[in-house]
Each structure stands twice: as structure tokens, then as C-alpha cells.
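What follows is subunit A paired twice: with subunit B in the first complex and subunit C in the second.
This part shows the complex of A and B:
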């Protein structure tokens, strides 16, 4: 052991901040340097979580406490690992590296017409309305009356809600300015959310479903096929399914609101093709029925009954996917970095010395913010065991040398104070307009604000 | 009188760590935790000490008395899950 333990964490989303917290707490001498390719910490808490759910962004304030409470913690934003610094560079300065880079890629449907204008990944749409700098220049045509969201998870409901809430409801939030303007001009009156299987199989959570009832939306439910679907069991998952089916029954029984914007939850339908001459015009779908999948599960089977839905915008929300990280092994089928309990393993399942993974990049893109806490704690426990067992490589560059290297390679890096300047700038900008914040979406402007030049 | 967890919950279990009467479930150590949409407070056991509300990073826990109308349903949801859990 060569104390004190020095760890680099790559990625400042939930997995990164839970890992940092846990390390600093469990090894009171340890030092943590946290890197992110963006100048702003938080990962999907900033760029995924919906603007109308901004209370959840408060978990980013964890950094505040870390940075305030500990001189052993440092944040380095605007540094992409694999580009400005390599894995080898990090291991010269630290005993270990924890990768918590999330799952920034998207899954495709694999159907004809998927690349027509008007067909997009929900990942891009979400990043756009949340002001992620990589997506700020994109545009989405909201001039049609109906949009279709393919997928049955919370992201699908987030996207559908955002399309329907309207300018007045979104104005006070931290939705990106460019998106707020687009939503103000949107002509979308109806969003159809399409699920392959039945209501009992959907991955929406109960709070998201319950919330739909609070927005003066005309919520319609089609082909829920909930009859006979009541799950056995009394655990939290079974309870959630029972509650969801009940909520859907309530929506189905509600009187229609003919003047309100409409949200249609249509189950048991799979997309076959996106059709249009120069852009999306219709979505061809096939009706499914549920059959036993053999392992006690129910799977969708086509009935052959085909229909079309007219729409000008199709967003696929069928999952995120991890992207390979330079210098690390990658399991392309699962979109994760192969690991055992967080220890990155290469060929022959042998651990790579000093290399760890946490969060979505470790487990795949599922689970809520808090799910990453236990996940990161497991990784940290492995790392501390390896440190105690002298199984970590010994860094040959000391702390001063590390800071020199950073200054040399990453002149535009944004430290914690730099981020606080961005944060303050965004909040002040919002105050003038009665908005929560006005996000900066241009990297150059962000670094300028962070360094006090603007 | 009891405290109630609402839909903002992000399942980080911070409330579980501070509750003096262990009335919040499923805990991260319980098997149902990963499949839970949120955590729930058992109103029969809660002593309304406010510790969970202070610990919650996202303001998801509220005193039942201060629930706004659109969140009232969470009172029943917390109670219903807690009953179901105890019956099993």
C-alpha cells in the first residue's frame, strides 16, 4: 500500500458522485479527482431528468457538500478521458480509475424509414430540451398535430409530457431556451405512446403515471389488456403493477376532455415501418397479442392485423446504450464494460489492475438515480479491498505533477468554482425572467463564464 | 399522523438510514428494493419525527398535513403498500 489512496472518477452523474462520496467517507485519507467531459456536473440529472421534475436535480447539490467539506475532493470539468487524457495518464497519477460514463448511445428500432426527417431518438430530443451542448444545434419540427413516442418506460412518458405541457407550464422550469421557443410554437395536440406488450408489462413507474392526471390532459388508454393480468405476490414490484393497472382503469373510465391536448397510451402495438415521401407521414403498426414466453413471462406476438397512424414526428424511446470507452474492453451486445462486481475484466475474465466501473456503464441503462448508490458502493468496496491487498498499481506522478499535467493538457478545464460561476450565472439569468435558470448551452460561453470572462 | 413519501422519490434510501423506528420500506437491504417504484412509510409505525424529510435530497417526504391536493393520494399509497407488506 502506498498511502494515501488516490482515485480518479470519470463521469459526474449519480454513479460518479455516489462513488466519490463513499470513497471519501470510507477511507478518510483518500483523495478523489472527478472528471467530466462537460463543464457542468450531474450527468443525466442535468441532461436527462425532465425540466418539470427539477426537484430531483437537487441531488447534484451533493457536490456542494463534498467540495465544501473536503479538501480531498476535486472536480475537473470539460475534460474528456480518452481524448485529452488517457487511461494510462490517469493511472500514472492515481492508484485506480472508476469509470462512471453512463450510456450515451441509443437503441434503434431496425425498421424501414427510421432515418426519415421527423424520426428521432428520444435520447437526442431529451438532450436537446435539457440544453446538453452536443445537441443544442439540433432542431425538431413540432408543426404537426400528432406525434408518436415508441416505448413504454419513463423516458417515453417524460417525452410525451414535455410535448404536451405547453409553453406556460414549461416557462418557469429550466428547459433550454431554444426548446422553450420551439414548444411555444408547437402545434402538437396529441401524442400516442406505443407499447409492444400490455399494461401489466409496461415499465412506467406509478408516480409518472399518476402525474399524467394533474395536467389537464385528455388521457386515453387503448388495448390495455389488463384483464387477468393481476400479478401474484406482495412485494414492491407486484404492488406497483397492481397500482398501475388500477390507475389505467381510472383513466379509461374518465370522461373525455375534448378541448384538452390528448395523450393516448396504446398498448399491444409494434411499429413495422415509418412511411413518408420526404419526411415522416405515417407509422405502420401491427396489433399484438400476449402469449406465454415459456419462462412464465408473456411476450408479444403479431396478430397480422396492420393499421396506420398519421403523425409528423416519431420519437423512439426504446432504450439507451453504453458507448465504448477508449482503452477499455467493451461488451457490445449488452452495451456495458464487462466487470465482476465493478472490477473491469478483460479476456479470460481477468481483472484489469486499477480499473473499475459503476452506474449505467456497469449494469446497463436501467434504474433510477438512487439505484446507482448501491451499485457504486459495491465498486468502491472492491477497490478498497484491492488497495488493502496491495493489488493496485502505484502512481509515479505526485499531486503537484498531476496538477501540472492538467494545466498543460487541459487549459480549458473548469474546476468546481468555475461550475459554481456557471450555476450562479444560469440562476441569475433565470431570475430576471421568473425561470428556475436559463441554461448555458454553448461550450465556449460556458468556459468563458467559468473563468470570469464574459 | 404520519409522514408520506411522494412521487419525487429517487430511491436513494437516505431516509431509511435516519428513521428511528425503521418504518420505511423496502430498505436497500430488502429483496424488493430494486423493483420498487419508490419507498413507502408505514403510517402505523411512523412517529412523525421529521428526520426522513430532513435527510431526503429531493424533498420527496412530507408531513401528511401539508400534502397539496394532487399529492394526497400518496397517503393512501404509502399506507396500502405498508399493509400489503405486513400481510405477506
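This part shows the complex of A and C:
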């Protein structure tokens, strides 16, 4: 009988927690150590989910409790794999490592002017208002009247909503303090959300579109190219598209609210260039039309009709993108770690012993929080198979040695108790101000609170 | 030791999450569970005082056997042996149908209780099954079956996205929007939508609290909602305001259109008492609203036209594209396919009643028929009754007839926490449990919730020493009778084997219990894990709500929504052909019902702690009628119908429509003390004594609770004095 399975998981977002719980449940002797670069677990649940959708942050809390209840689980925050510890270090202490560190990068537009001041990735903006320590020092100039968000996914709507909701609506949420102050002084009155293709092709979901109607926003729809409601169908996808079209028609038919902040959903427009002398001044766009892409899909084709939109802020929300992990192969085209069912594979498609991947880093940035559950389960199944088939390397450092190594290399690490201290601190801070919580955004302050040195 | 237990209230379908503090086997407080993400907001006095109900002074603490005119305490073993042998003898001599059963609303709130009661009924093999739904929600089951192909396709309202509410026969300010759907905080959410610009139209003969807040209140004539709804359809078709259905294919729209257009709007207007221009205006507002819903509740259901009205309201939703669309009636698929499970597991019964040859609806016959089935001699006559958590004498029509019928039974077994009005003639009283003493997942609620939500209810306290949970009694009875539980051979052997295993291993959880059924149902859905649900003590919003699941759930043969089921069309034409109702000089007033937040039918009106101010129902009457009858506010009056008479004080209220009086149901139900140390106690009067048991909606078999003709007679001063005296004497007991 071999020694109990020990697994390290890198990244404590939904994929990491799902993998941890699945392992703990399926192998009742297994031990899991979950690492995160930040002192706080949660990944995008903490730094991606919109502050006005706080209920969706609850998922992770349940999985935290579940994992802790197993007594075979440890959380190690504030440790960066590849810096304080390497992949090889982890494999000396564990049978296997699961990388679930997501897609921290963003996709670029590849147009002139993209690096002008005032042009940013929406992912940075999201991380900033959610208080991610890496982005706390950034600043976003909200002194202009109009902002443009490029992209037609839910992140684009999140960002647009946050820009328009205003201080009073955001105050009770857990939006970062620095962002709340900036939103209070914001002069933005209009946000244009640009979509390359038509309304029927947008990736917004129905509840997100419905929600826009619950805020006092003047929602305008331009160039939706909606074909109108079609007769009843039984195809769930077609129905979802129809629902969205109908909602957009409804917004289009609504009387304008001249005093309200305005959200413009403009379809069939692609950005050509961001123009400005020292900073963003206008966005040059071209009108598109839809043509058949040959595989039954519709693609955007330029009509050559060019116009300009004045704006002081341009946020590109065209997707997250995975970043390479030190010591692992990387598929730069897809922004993922090459893998087969979660087993990381090298150049010749041969699996790397003991190395696994789950979540966005495995399959690319798509799907909702719950999509990661099945994804992580698949990876865990492969791992357990390999463990049962003696295909995993045997760790040469025991549990005590592991703890010694951690103490030595990572003196500032934050354990679960430390995170709970941060959590409590944030909640209590929020109570005083009638806010959900006041997030700590400074790493040093976080570690100080976590260690009780506050 | 002080413990905190999270569960949800089980009195009404708000299912409010509650936080129960328990100190050494005593509940010290019940508060709303603010960490419940879904349901706590409507927390009310019913939940707050639940611990007092549990400790009711007349609570049954052991089985009680009738000996002459007295009751004596007995053991479960004695009770089960005696009941089993008597039931076996009756079945051997007269057949299984000689045993009738009835269960009430509280049993429906116990998943274990209702599933194992069904198991016992299948063990008995009787077709004479009656339930409270037949005096309440039958019309919805009939309409769901005909239009959507299953009696269980409920469509909760998608309130938060709605821009136009057409609320017919309901008073959500009292009911909180709960009836056959779970819509926590529903009324507040309607008002929030209204503040955001939504149009709220309330249809009710009474100017209820809800009607007060509506943009438009239509004081329809009682029982004539169908004419109003047909009028709305008429205008919708005539002005071409229909919208193509996007979520589901429809059939029968042509027939519906002809029916609606053939009807004369002036005639419909005269029938329902709403002027033509108002009907036109409402039809336009509803059809033109981007997102809208028509919802009908008990005001519609408890009528002779309840089924066609429910159908016409559903049809209005269908032809204006309000089915499974945002802001309309959304289908919630839940975490398992209940419709499919029931279609496969419990095929619909074909049993018909002996005397009126009526079919069962949702598996049960109409309570209105029960009295005659008991008193009329002949083969198949009911000679024994098992009543589980029910009070049919008070809940059903013509209470006096059923009371008399029960008096003549060979065996009446009542399972409840206290001995109620309907248990007056019981031969055996079997103690029931309170929801604070039970645990479990109510899997049947999954499809009637307006959001994907699941909560495992935890047990705050064990039942008092010696009291068994209802499901366990039902199982023991089937085993003692040696009849197969759930009607399936081998189940009894299986149960015995697991019990033996539990006994020899000393692990009680190994004995077959309701958790196994809950687990099985959840597992069958392959969406959630039972264990994961249990790990969310405050309840679990397990996914975002979504649209588009209705199309796949429909079970009509052609997979379309049937907008013009022939039986409904015929019944509607029959009503159109009938002359408008004429004035009735003998019974000039129409009696309707109302909801009261603190009441739960006949269940809680005598509970200590509720109704601190006035504990009684009354006759609500319009000032104009009061003046004609020379009735003062607070004066006592006798209410007389063709069926019976009751006496109650008068409340003059400008809310009631002239010619219409309102009397709430559920009152006048006595609580007896089988130990005989206390007098029987009751408050108010049972208005269902006035309702006929023969006059029924032919489609739903529901009596005319909301359209019973009555007259009022002033009581002489002397009579008033006696009435006061007797009531206060009874009330003083509490």
C-alpha cells in the first residue's frame, strides 16, 4: 500500500476549489495543499465578479467550508509558484500538481493607438474596482463625458454598468474604496458598448440584459439588425437569441430618458484605431455588415463606412488570455497549457508526470463559474487514475519537511486562519460604513492583518 | 446548552428561512434567517409563534382510544394492532374502497408524511382518496393537464422583470403571492416593479389591501372573472394585439379566436360588471406591455367557473407570448424532472366515484362528494376513514353533512397534533408532529419555486417523547396489515430487512427512511448532489434562473400548448348561452372569501400568540347594504343560505362591493381536549356550513365557496347576549 496521495493545487479560484473538493471526496486519504499568489482565496470570484452581483461570490465560501471540514486541506496564500517555490519543489513534496491559475492576461485589439493613455484592458479595470492588489495603484481617468467599451460579452456589460451606476448604488457593495472614490467623482454620462457583429450574435446573457432595465439608465440600441421575433421554436439556442433580440427591441422602443446616464449598445461596428495626441481622444470605427462565413455562421465584413466617436476612455473587453507558467509548456495561440483531459502534455503529446491543469488555463477563458466543476472533475479523474496506476512520481519530502520548506521559503505566507482574519477585518470595516465589506488592497497590510500584527 | 438551528417555516408556501434558538429542549426564539438568500423576507407571526403551536395545551401526546364518550391513552402497538385488524376486517368484508382517506394542507408541507401516506394508500388499495386540493387548487391541475399535458406543470411568475401585472382573484398583500407557487417577498417585489413603472391591475370584487395599491382595481362580480378574461381576449383578437409565441408552439388559437370574437363584448361586460371601455383599456395595456403576466388565485379557483377562468387567463398569457418569457409565467425545471418521474412512477388513477361517477383530479376525488359516499348505503360505501393532518368538516362544503356522516363511520382514525372539529367522532387519535420537530428536503417544491432554490430543513427539536413521525406510523400500519407499502410487492420485506439490520448494528440510519426517497429523487435529476444541498443550511440558490425550459417539459402528444381544449370551450359556450344571473329575492347577497395573513385555513386560528387583537372572522359588508339592513358595525347577524346558517358580528367596510359580503374561512373549528379537562375551544364561525356540497364546477369539482348566495337577518338583542356569552366562555379557555 503506497503512502496517501498528496496534491498541490495552484490557484484558488473556482477551478482550484472544485478540484480540491473533488479530490478530498473521491480519495478519502488524500491531502490537498492549495496555493495562491494572493493572501485571499477566490480568484475571479473575488476579483472578477461584479460588486453589484455579490451573491455570486457566495459559491466559493461553501467550497472553502467543505474543504476545511475534511481536515486534509491546507490553504497557503501569498505564495507565488515559480518565484518562492518552483514546480520541481512542489513535486518533491507532492505526488502531483494541478495548475488552476486561470487566464490573467487579456487579449489585445491589435489596432493603432491601443497603448495611448486612456486605453485599457477591461480586465485591468475590473481587477482595479474589485481591489486586486496588483491593480490598486492604477488609475483610470473618469473625467471625460463618454467611455467606450469594445466587446459584446458579459464583462463588457459589467464594466459599462459599473461606469454608470454611480456612487450611491455602489456604496453598499464591496467595490474597492479607491474605485468608489473615483466613481463618486466620475463625469462619465455615456458609455458606448461596441459589437463587431449584430445583436443576434452578441454573447450577453438574457439576465444580464434584463438587469440593465432595473437601473435608471437610458439604454439605446443602435444597428441591432434584429430580424424581429420569429415563430415559436423548440431550439433552446434559437430561443435564447430571440429573447435577447426582443429585449433589445424593447430598449430601442423605450422613450429616451434625457436626464439619465446613457448606455448605448452599438452593433455592427469594429474599431479601427484609437486616435489622440497624448491620450485617447476619439475612436475610429467602421460600419460592418453580416455575410455568411461559409460554415453556416455569420461574420462581420467592413462596409468601408468610417466614423469617429469622441471618448476619453476606451476599455477593450474582448476576452481574457492565459499567461505562460514558468516550467510548463504553453500553447501561445490558444493561451492555454497543452493538455489531454487535464494531463499536461509536452511537445510530442507525451504527458508530463505529475503535472495537471484545470479551469481556464486548461480549456481557455469561457463558461460560467459552474462550468469549471466538470472541468476540474475530469482532471481529478485522470490524476486518480494515474495514482492508481503508479504513474505518479513519489515525493521525497514528507509532510513535516514540506511545512519546514514553506516556513523557510515563504515567511509571509497566509494560511486559512490568516485569510479568515482578513475576511473578518474587511467585514467589520464594512459594517461601520454600512457596506458589505471594505476590501484590503495592500499586500503588506493584508499580511499584517493576517498575522494579527494589526 | 444553546443551539441555533436553521430551517424554513412550513406553514405556507413563502417557506421563510428561520433561525431557531433552542436552549435545552426549549425553543427560546424564532427569527428570520437573514442568511437565507431567498426566502426570509416575508417572515410573519405564524413563524414567530410556531413554538407556541408546538406546545399547544391540548396537544395529543400519545395515541388516544375512544371508549364510549371518553378517550383513554394507549400505546402505538395497541393503536396499530386495533386499527389494522379493524381495517382488515372492513376490507375483507366490503373491499378496499370501503376505506376512505383524506389529507389536509399541513401534510403537504411534510415531504416524508405525504410520500409515505401515498405509500399507505397504495398499500390499502383504495380508490376513495380525498384531499384538500379538491376544495382549493383543482382547477389549476385540470388546466395544466389539458393545456400542457401534465397536472404538475406549474409556472411561477417572473415578477422582477414584469411590466404589467394582471392579478385576478388574489390578495398578495395578505397571501404574499403564495398559493401554488413559491414567490418569497412576492408582493414587495410587485410594488418594487410598480415603483419602476410597472402597471398593476387587480381584479377582485373586494377592495383589498392589494387593490388599494393597484394602478387599476376592477371590482368584478363574484364568479364572473371568466367573462372579463374572455372580454380581454376578445379585444386582444379584435384589435390584433396578439404576439407570436416565442418559447413554445401553440395550437387551437383559431378556435379560441372564434370563441372570443363570437362573444358579445357588451354581454360579457354586463356579466362581469366591468364597463366595455375599461375592458378595452386593460386589454390594450396588458397586450402592449413589453413584459406581462396574468395570474389567477383562489378568488378564481373557488367558483363554479374556476376552471374556464383559469384556462382563459392562461390562454391570454399564451397568445400574448407570456409563457416562459421574461416577466411572464416562467417554467422552473428544478433539479429533477418531477413531471416525468410522476408520469412513470405513479400513472394516473382511473378510479371513479361510486355515486356521481366523477374521475379523480391529481389522483384524488372531491371532498364535496365524501359525505354522500359515506352515508349512501350500497356496495362500495365508505365505512372507515383515515384523516391525516386534515380538517375536512371545516375545509369542505356543507360542514354539517360531513360531520353527520363521520358520526356514522365504523372507524375514524385522525392523525394530527390536536383533536380538531373533524376529529369529533374519531375512534382513534394518533399524535402528529410539528415542523420544528421534523427534518428533510421537500423535493416536490422544486418546480414551484420562482428561482432555482433548495433548502434542507433541519430539525430544531425531536418530537415529544413517545411520539412517532407520521411517516413511521403509516409504514407501521401497512406492515401490521400485511399489505404492501407503495402497492409494490417486496417493499415490506425490504423495510423489515433494513429495520432488522439497523437493530442488530445499532445504527438507526440503516432502516429505510424518507431521506432515502429524497436522495433518490435528487440523484435522479443528475443536477445536484443531495449531500451538497444538506451542506447549505441557509438554503442554496443553485443556479441562475433561466428561460426556455418549458418547450421540452410539455407533455401534450403534439408537444404544443393547447389553447382551446374542447371540454373548456364547450363549458364556456354553455355559460355564454345561459341568461345573466337574475336577482334572487330570497338570497339577495353573494358571499365571498378572503385571505388573512395570520390565518392558514383552519390550521392556526386557535394558536396562542396569533390574533392578539381580534380573534374571529366577521361579516364584512358594504355601508350601503348595512344601511338597508339597518346593521351597525359590530352588531351580530345571522347569515343564512340554502344549506345552513351561522352567526357572526358585522364589520362595515367600504371595501366590499355592494351586494357582496366577505367572510373568511377556517374559523369556527373546535379544538377538543380528549383528556376532557378543558372545554372545547373555538373562535369565529365556520362559513363553509353555508356552502352547498352539490353545486360544483363540473370540470374541477370545486364548490362555490366564493359565490354562495345568502341573506342576513339581524339577531335579537337576547340572542346576541347568549352568543357573546358562549363565545367568551369558550375564548376564556385559551
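In this text, the second predicted complex is superposed on the first by the 440 of 454 C-alpha atoms of A that agree within 3 Å, B and C clash if a C-alpha of one lies under 4 Å from a C-alpha of the other, contacts with A are read in each partner's own complex, and residues count from 1 in each chain.
Note that in this section a residue touches a chain if its C-beta (ideal position, glycine included) is under 8 Å from a C-beta of that chain, and two chains touch if they have at least 3 such contacts.
Small disclaimer: the values here were computed from a predicted structure and weren't measured.
In the superposed model, A:207 lies in contact with both subunit B and subunit C. Of the two partner chains placed around the shared chain by superposition, neither subunit B nor subunit C is touched by A:70.
Contacts of A:250 after superposition on the shared chain: subunit C is touched, whereas subunit B is not. In the superposition on chain A, contact of A:61 is made with subunit B only, not with subunit C. In the superposed model, A:373 makes contact with subunit B only, not with subunit C. Judged by the touch definition given at the top, the superposed model places A:240 against both subunit B and subunit C.
Within the superposed three-chain model, A:53 lies in touch with subunit B and out of touch with subunit C [touch as defined at top]. Legend: residue contacts after superposition of the two complexes on their common chain; A:124 is shown touching neither subunit B nor subunit C.
Subunit A uses residues 55, 58, 62, 206-207, 210, 214, 234, 236, 239-240, 243, 368, 370 to touch subunit B in one structure and subunit C in the other. Within the complex formed with subunit B, the subunit A residues making contact are 53, 55-56, 58-59, 61-62, 205-208, 210-211, 214, 234-237, 239-240, 243, 367-371, 373-374. Listed in rising order, the residues of subunit B touching subunit A in the complex are 6-13, 25-26, 28, 31-38, 40, 57-60, 70, 73, 77, 80-81, 84-85, 87-88. Within the complex, the subunit A residues that touch subunit C are 55, 58, 62, 65-66, 206-207, 210, 213-214, 229-234, 236, 239-240, 242-243, 246-247, 250, 253, 368, 370.
Remark: subunit C residues 37, 160-161, 196, 243-250, 290-291, 321, 325-326, 535-536, 540-541, 543-549, 551-552, 559 touch subunit A in the complex.
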